[in-house]
Amino acid sequence: METHFNQIAARDVSRIANLSDSIFGVAMTILVLGVHFPRTEEIHSERELIAALGQLAPRIVTWLMSVLTLGMFWVGQHTQLDQLERSDRDLSWLHFLFLAIVTVMPFTTQLLAEFITFRVALFLYWTNLVAAGLSIYACWAYSERAGLTRRDLEPAVSKAIRRRIVTAQALYALGAVIGYFDPPVGVGAILLTQLNYAIAPRLPFLSRL
Amino acid sequence: METHFNQIAARDVSRIANLSDSIFGVAMTILVLGVHFPRTEEIHSERELIAALGQLAPRIVTWLMSVLTLGMFWVGQHTQLDQLERSDRDLSWLHFLFLAIVTVMPFTTQLLAEFITFRVALFLYWTNLVAAGLSIYACWAYSERAGLTRRDLEPAVSKAIRRRIVTAQALYALGAVIGYFDPPVGVGAILLTQLNYAIAPRLPFLSRL
Amino acid sequence: METHFNQIAARDVSRIANLSDSIFGVAMTILVLGVHFPRTEEIHSERELIAALGQLAPRIVTWLMSVLTLGMFWVGQHTQLDQLERSDRDLSWLHFLFLAIVTVMPFTTQLLAEFITFRVALFLYWTNLVAAGLSIYACWAYSERAGLTRRDLEPAVSKAIRRRIVTAQALYALGAVIGYFDPPVGVGAILLTQLNYAIAPRLPFLSRL
Amino acid sequence: METHFNQIAARDVSRIANLSDSIFGVAMTILVLGVHFPRTEEIHSERELIAALGQLAPRIVTWLMSVLTLGMFWVGQHTQLDQLERSDRDLSWLHFLFLAIVTVMPFTTQLLAEFITFRVALFLYWTNLVAAGLSIYACWAYSERAGLTRRDLEPAVSKAIRRRIVTAQALYALGAVIGYFDPPVGVGAILLTQLNYAIAPRLPFLSRL
């Protein structure tokens, strides 16, 4: 019987982790480049500089939202990888897909920053969040089905990993619905969701979800 | 007898892996920057924004093709490195060459996106694919010849690694030939090849190759 | 009792280290892009090129200051991580916060380079330094409180880590006060502080602090 | 007696390696961005595209030279780090200095590409090479003096590491002298030096140096 490439391919979890750290690191640093630099030639006094920086406020809000989003997904993926014994070809591709979706985040963030009152910009941003959530959920579901997880993995841990993704996606969907009526308020709702996940202790009613 | 630098140089495989993860990560994130951002000052309504995004379609196709290409080469190189006991100076330079070719991918991708109906753009893109394939093939051939592979490496594994590169290159060459007559259709053929490698289970007739 | 996601999340210190190396590496390389390239079309002789490069002097000073700042924080965080047994969700987020603040450094550095005589530019730069200092101090304080440090950690080591952050911040604050009266001189004072930390042996009166 | 921060700081060699891989990876990818993209709006036929790409030739030469330079320094530093038992604060700063010099390489490369007939551009490029060489030499000299190397390090290995740096620098200096009289020919000489180091077997008369 022949050995297929797929049977031996990409079995080292640490490579996924390293590629992820590289991509999250670059994406985080590129996000800042989306906060446009004030036009130097138009600024001649401290007052004008402060005014120019003040106009960056919406960009800083979308930047903060996206940094927190990257943090959430980084922590989530990190936790998944900690639970794996090994990887395989399909799981590597699933994580690669997840990471490709993460690289799009600076683009959709800048789109949202430029067109913060446009529904279509928020919709695309939310699509990016949904795609990231679906792919990272698929990563975990596949890891379990293919028996790649640690032997001592408790069912409660698996449940916690799934529940976190589903809850976050439910809150993003809520933000998207709100944004359908008022995009900037929708952005605010998603930002609050991310802050809730970043800052401990979390809101009591959410931590029970 | 003198010790030559080359006898002691660059023997740690994990350094090649780390450099690769850094370069693939940066290249993936830079690829997205090639999907031009719509011109803000020309857009005043949701309808105009949707139209502007719609015009990005060819760029999104070439982006997707290049992301899948990076994925294929990342999985392929990853699998090779998993089979190595140690590296040496020459192998490090060969992988460095492979990675230098990978860093050119965002350039040739953008060229193809801008000039998707031009044969020369597709030809250069395909040249990039061929160069990456030749160099990663050389990496493996050298690893075996220089005795750097794991002692328990089975011949079938080695054969599977070589076959995968040759098969992929044959399909790319087919895409290039088709593209000689109709560049966009050639792009489509290469994209289908990459999708075939990314999505499991692969097409039955190809998985037997 | 249910397992909360937070109990199992992000416990591997090496992931924080890897993400940090990625972000510091990208930030360092992006800093150089802030040293504007001379305008090619305006230069027709060696003399004009030398003059154009001479005009980059203030940008080179702020670049050097920021490189040294990144070095200081990299060494400081590195030393903290060396003392940790493991991480947890909250500590990962704290380091993520620290890293997000680091990604802003190229922006505030460029602002300072463009507007080196403006108080508000120096003030924002200094705010960036303070934010980085506060967050890395919080990382250490939390690590100790949550019992994440190595068991053999000596109290003197903990004290040395804290003292270094506080001393550096005191010197930055001094530079900011000087800069209130004369921004470029304030920049010089901060630059001297960074050089003091980078070059060993340090000034005797500071090393006793 | 008090514990100084410097006694406990930055002792893990693998962090230097990781930061280096990140910086070399980003620098390599950024180098490609210096190969200017042809102006889309001026190109209407395959012939015009080929002509536009042909004009990139000098940029491709400087790009190739710089990629090979990065490869040489990466292999050289990699080999040094392989010989270390541990690091300390001062060595971490020395490697940080070396890496900061590496991040400048895309800038001096682009300068050389734009002004390939200008002595001052070649002189600055060569200064960059000298600075990188001096700092990596200092890294090794310090590693040995501070007793950070592996216990089984043979004197011949140490000598080989030093000799390689000195020989390369001598050849770069020769290229710079030639470049004083004819800059493009000097570039060619440096490029040949790099190729000699990259391609095995090396020229017989050089490998004896």
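Per-chain residue numbering starts at 1, and chain names A, B, C and D are given in the order in which the chains are listed.
What we mean here is this: contacts are C-beta pairs under 8 Å (C-beta built on N, C-alpha and C of every residue); 3 or more make two chains touch, one makes a residue touch a chain.
No experiment lies behind these values; they were computed from the predicted model shown.
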**OP:** Note whether the interface between chain C and chain D is symmetric in residue numbering, meaning over half of all numbers used appear on both sides, and answer same or different.
**Re:** different
**OP:** Would you indicate which option in A-B, B-C or A-D repeats the interface seen between B-D, with over half of the contact pairs matching by residue number?
**Re:** A-B
Original post:
Which chain has its C-alpha centroid at the greatest distance from the C-alpha centroid of chain D?
Top reply: A
Original post:
If you fit chain A onto chain C using only Cα atoms, how far does it have to rotate, to the nearest 5°?
Top reply: 90
Original post:
Which integer distance in Å separates the CA centroid of chain C from that of chain D?
Top reply: 25
Subject >> Centroid spacing, where centroids are CA-atom means, of chain B and chain C in whole angstrom >> reply: 35
Subject >> chain C residues counted as touching two or more neighbouring chains >> reply: 18, 21-22, 25-26
Original post:
Can the chain contact pattern be summarised as a line, a ring, a star, a complete graph, or none of these (other)?
Top reply: complete
Subject >> Of all residues in chain D, those that touch chain C in their complex >> reply: 2-12, 15, 18-19, 21-23, 25-27, 30, 89-90, 92-93, 96-97, 99-100, 103-104, 106-107, 110-111, 114-115, 118-121, 124
**OP:** Mind listing the chain B positions that touch chain A in their complex?
**Re:** 17-18, 21-22, 24-26, 28-29, 31-33, 35, 37-38, 40, 43, 46, 49-50, 53, 67, 71, 74-76, 78-79, 82-83, 154, 156-157, 159-161, 163-164, 198-200, 202, 207
**OP:** Could you pull out which chain B residues touch chain C in their complex?
**Re:** 22, 25-26
